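One chain, subunit A, links the two complexes that follow: it is found with subunit B in the first and with subunit C in the second.
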Partner chain A sequence: MRPPSPSIPEREFALSVLKQSLRLDGRTPLEMRMPAFRFGPELGWVECALGKTRVVAHVDAKMVKPLPERPFEGIITIHSELSPMASTEYEAGRLSEEEVLLARLLDKVLRRSDAVDKESLCILAGQRVWHLRLTLHFLADAGNILDCACLAGITALKHFRRPDVEVIGDDVTVHPPSSRAPVPLSINHTPLCLTFAFFIDPETPPILDPAQLEATLSSGSMTLAMNAQRELCVVQKAGGVPLPVDEILRLVEVGVQKVKELDVLVEAALQEDWKGRRIEVR
Partner chain B sequence: LRPIDIVFESLDRVDGSASFAFGPTKALASVSGPIQVRLPAEQPSKATFEVLARPLSGISDTDAKSFSTVLRTLLVPCLVLTQNPRTLIQLVVQSLTSTTPNQDPSLAAAFINASSLALLQASAFPMLGVVCAAAVGHIKRHHSEPELNSERFLLDPNAQEIRECDAVGCVAVMFRSRNTSSLR
Partner chain C sequence: MGSRIETLNAGGYRSDGRRQLELRDFIIDLPTVSSSNADGSAVVSHGLTTVMASVFGPREARLRSLTLHDRAVVNVEVGITPFSSGERRRRGRGDKYILELAAAIKATFEPVIQIHLYPRSQIDIYVQVLEQDGGMLQASINATTLALINAGVPMSDYVAAITCGVFSTQPLLDLTSLEESDVPHLTLAVMPKTGKVTLVTMETRLHVDRFEELVRLALLASKVLHAEMRTAIRAHTGELIRAMGGSRLSRVPDREDAPGDDDQDEAMADA
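Up next is the complex of A and B:
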């Protein structure tokens, strides 16, 4: 059930504080919460936390017959279902508006931007390809699950290792992880998402990574997905407050800086986890 | 028993949450309640108790739905639902390992224990008791000499031991205030 809208004192205080470029949790308007990563025992399991917002991403792979119109490409599917665990406002089985926007954005950022090279997932052209299944579980929604989900998703794809496959003629041998080291996926680039929230009052600056209350009070939001090579992957602005062009360009510049920092963080977390896993070299 | 790991997760938007792990088999449960209920599900004299079980990969399928009903029938006797009529108590259980509860009884046991812990952490509605569960496996070894036939029970079998067992199951016991009762 949708929780009641914020009370009048909450709303007035929050909006007046945002007008002075302050935020309720002490951040500056363009400051993002520090992401924290936790990796599971198996490869491809990542939990990403942005403050109190937590998302778990899991990747698994199996071999299937490819689609007839694309015999040389692997298949990637993304499952992102919001459950009442994330918040009591989401109901199981009923597709809310946020869920639709979330699914569309994840599809654009993780699948259509070609972050993972699909042709490298091909084993035997026309007969066997890898089907990667990325499942996202939303444990807690304290604002900005979009960014958290994209971060968890791309980190899980980078963390995952698929079994090594040997093809001799038409004979396909899958080597289990115990005999041959599993192989990482070939990731072309790392798209990372940033969400900005806007308010009706023109004097209130746009804020990055809105928290729960800020997102409820905002009257528009824009999501940018970029990679560290200064390439813009996705821009999503669905309705809300109209924005002038120079404002958008300014935020893109801000976004570029943030994405570079985030990229460094993600790489550092992955390296640290990889060091902790015992790898046998034969 | 494999080493048990219990964490009270304190998820932000729900009333109580806990994760329980038997070694690598881990489950996370969250409880919200009593909260507003949808009109079709409203009951005039007691609270509606809803359970949702979700697997790690893919979307909830019939396996998950069948386990949700089993979990619901198991936990209903330990809740006093008549104290909060026309409300909803919602339990969501998330599997954090790749097995399914119908194939892996230790995951079923982890689900049950995580749910009990989450219900206790929420402490928002009265409960009669706590349900705890563990998986048990039965191995019967046949030998050419009849004297060496052995059968024994294994507590909390792991994946390899489950393959050796001829029967596995999950045993759940409800502990009430003074003495144990109801073995399922």
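Up next is the complex of A and C:
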């Protein structure tokens, strides 16, 4: 059920306020909501919150036969389904356009960018590889669910530990976590996602991490996924308000800074959680 | 495995014999006699990538519930024929890649088409990919631009799209599918009059410093494509004028604010 479009006073107020570089929740235009992480009891379960937007990411692994055309690589699949739990605008079962775009972007950022080294997931070439399943549950959508989901996803992948495997000849022994400490995944780089929203009025500056009302009123958005090594993984500006090239490059520079800060935050949160866990039996 | 095909060899030639910054053959086919009911159509080829776009509209919306009171609704449907690529692959209409392509085209043209002139109507754009060899989105956007102009749908500007990649530090333009699978690349769609970018998509990892270089290069390349599109449209319009007995029409005075009218005199002189 599509939510009612914002009322005229709401729209006029929000747009006039944005024109003065102020936002409804008091942030500056290029300020992102502070992400909050909550780690579950099992490894690979993370809840990420960006303000009121909340996404849970969960990773699990099992051993399967590899794809015949890629016998040396593991398999990573991402499962995400937008349900009405996230917001009344999403309908259960029906694949809306937003859901397709969200799923495609998540796929590009988390899987196609080779964040996780697939060759390290190989146990026995051609016969046994790890199949990682990343499941995303969208709990609440208060704007910018994409960034929240990517953040939750990559943090879950970094948090996850897979069971240690010993291969002697053709014999594969999986050691349960109780006997041998589980092993972290081999992460090549940490792609982090940033979404900017633009408005038709050229005097209104682009904003980072739009809230729900801001996203509804915007007429274009650009998503950048970058890592802390100044590499762009995904750029997606599909239509919307045309922008001058310099503006896009300026936002890329802004993104580089933000991603560095986010990366530090994610690492700090992971370290914090790690201290509180007892994995190894000494 | 056969010998590896070099993306860019030591002599500066690419696998299909082009130079680094050379574009593929850009062939535009605007139908003089329309075989279908479409209001406008165009077949565009970039080398071996061929895409056909048909435009219906603005016309009365089929479903009242899908109309907007103050503007037209733009619907885009993309179809990729199974015989378009080397491996015969049938993609269903609900395929995510196709839906993404359609959404990108729709989002690209919605701010460009003057939809406020046609409230409660719809404009349907059907894109069929006939042959693919890299640059599918690029060709689809270019074909759609030409089909919309052919249909007489008012737009603020052309939209020219181009792919651009980088092989180690060397930039490449207009990539084939072999090159696309090999090097990091992006697709850029530009409105040439103002030089503003309507679409940028990139799915491969690229360093930020290289990104700026590629974007600026793609901007220049899109201007070249724009010039070609304008020439084709002018030639086509010139033929229509001739067919309607235009050689007896008096010369239209040159207006400075109209884009690209400088070569209209030449088109009339040929008549």
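To be clear about the criterion, the second predicted complex is superposed on the first by the 279 of 282 C-alpha atoms of A that agree within 3 Å, B and C clash if a C-alpha of one lies under 4 Å from a C-alpha of the other, contacts with A are read in each partner's own complex, and residues count from 1 in each chain.
The working rule: a contact is a pair of C-beta atoms (placed from the backbone, for glycine too) under 8 Å apart; a residue touches a chain by one contact, two chains touch by 3 or more.
Fair warning: this is a prediction, and the values are worked out from it, not measured in the lab.
In the overlay built on the shared chain, the residue A:220 is in contact with subunit C alone; subunit B does not reach it.
With both structures placed on the common chain, the touch criterion links A:108 to subunit C but leaves subunit B unconnected. By the touch criterion defined above, A:249 reaches subunit C but does not reach subunit B. In the superposition on chain A, contact of A:168 is made with neither subunit B nor subunit C. Legend: residue contacts after superposition of the two complexes on their common chain; A:8 is shown touching neither subunit B nor subunit C.
Of the two partner chains placed by superposition, only subunit C is touched by A:241; subunit B is not. Judged by the touch definition given at the top, the superposed model places A:52 against subunit B, while subunit C stays out of reach. In the superposition on chain A, contact of A:41 is made with subunit B only, not with subunit C. In the complex of the two chains, the subunit A residues touching subunit B come out as 1, 40-42, 45, 52-54, 56, 58, 60, 79, 81, 83-88, 91-92, 133, 135, 137, 139-142, 212.
Interface of subunit C with subunit A (complex): residues 94, 96-97, 99-100, 103-112, 186, 191, 194-203, 205-209, 211-212, 215-216, 219. Put simply, subunit B touches subunit A in their complex at residues 9, 11-14, 17, 24, 28, 30, 32, 35-38, 52, 54, 56-60, 88, 90, 92, 94, 96, 98.
Of all residues in subunit A, only 95, 97, 100-101, 103-104, 108, 112-114, 189, 219-220, 222, 226, 230-245, 248-249, 252-253, 256 touch subunit C in the complex they form.
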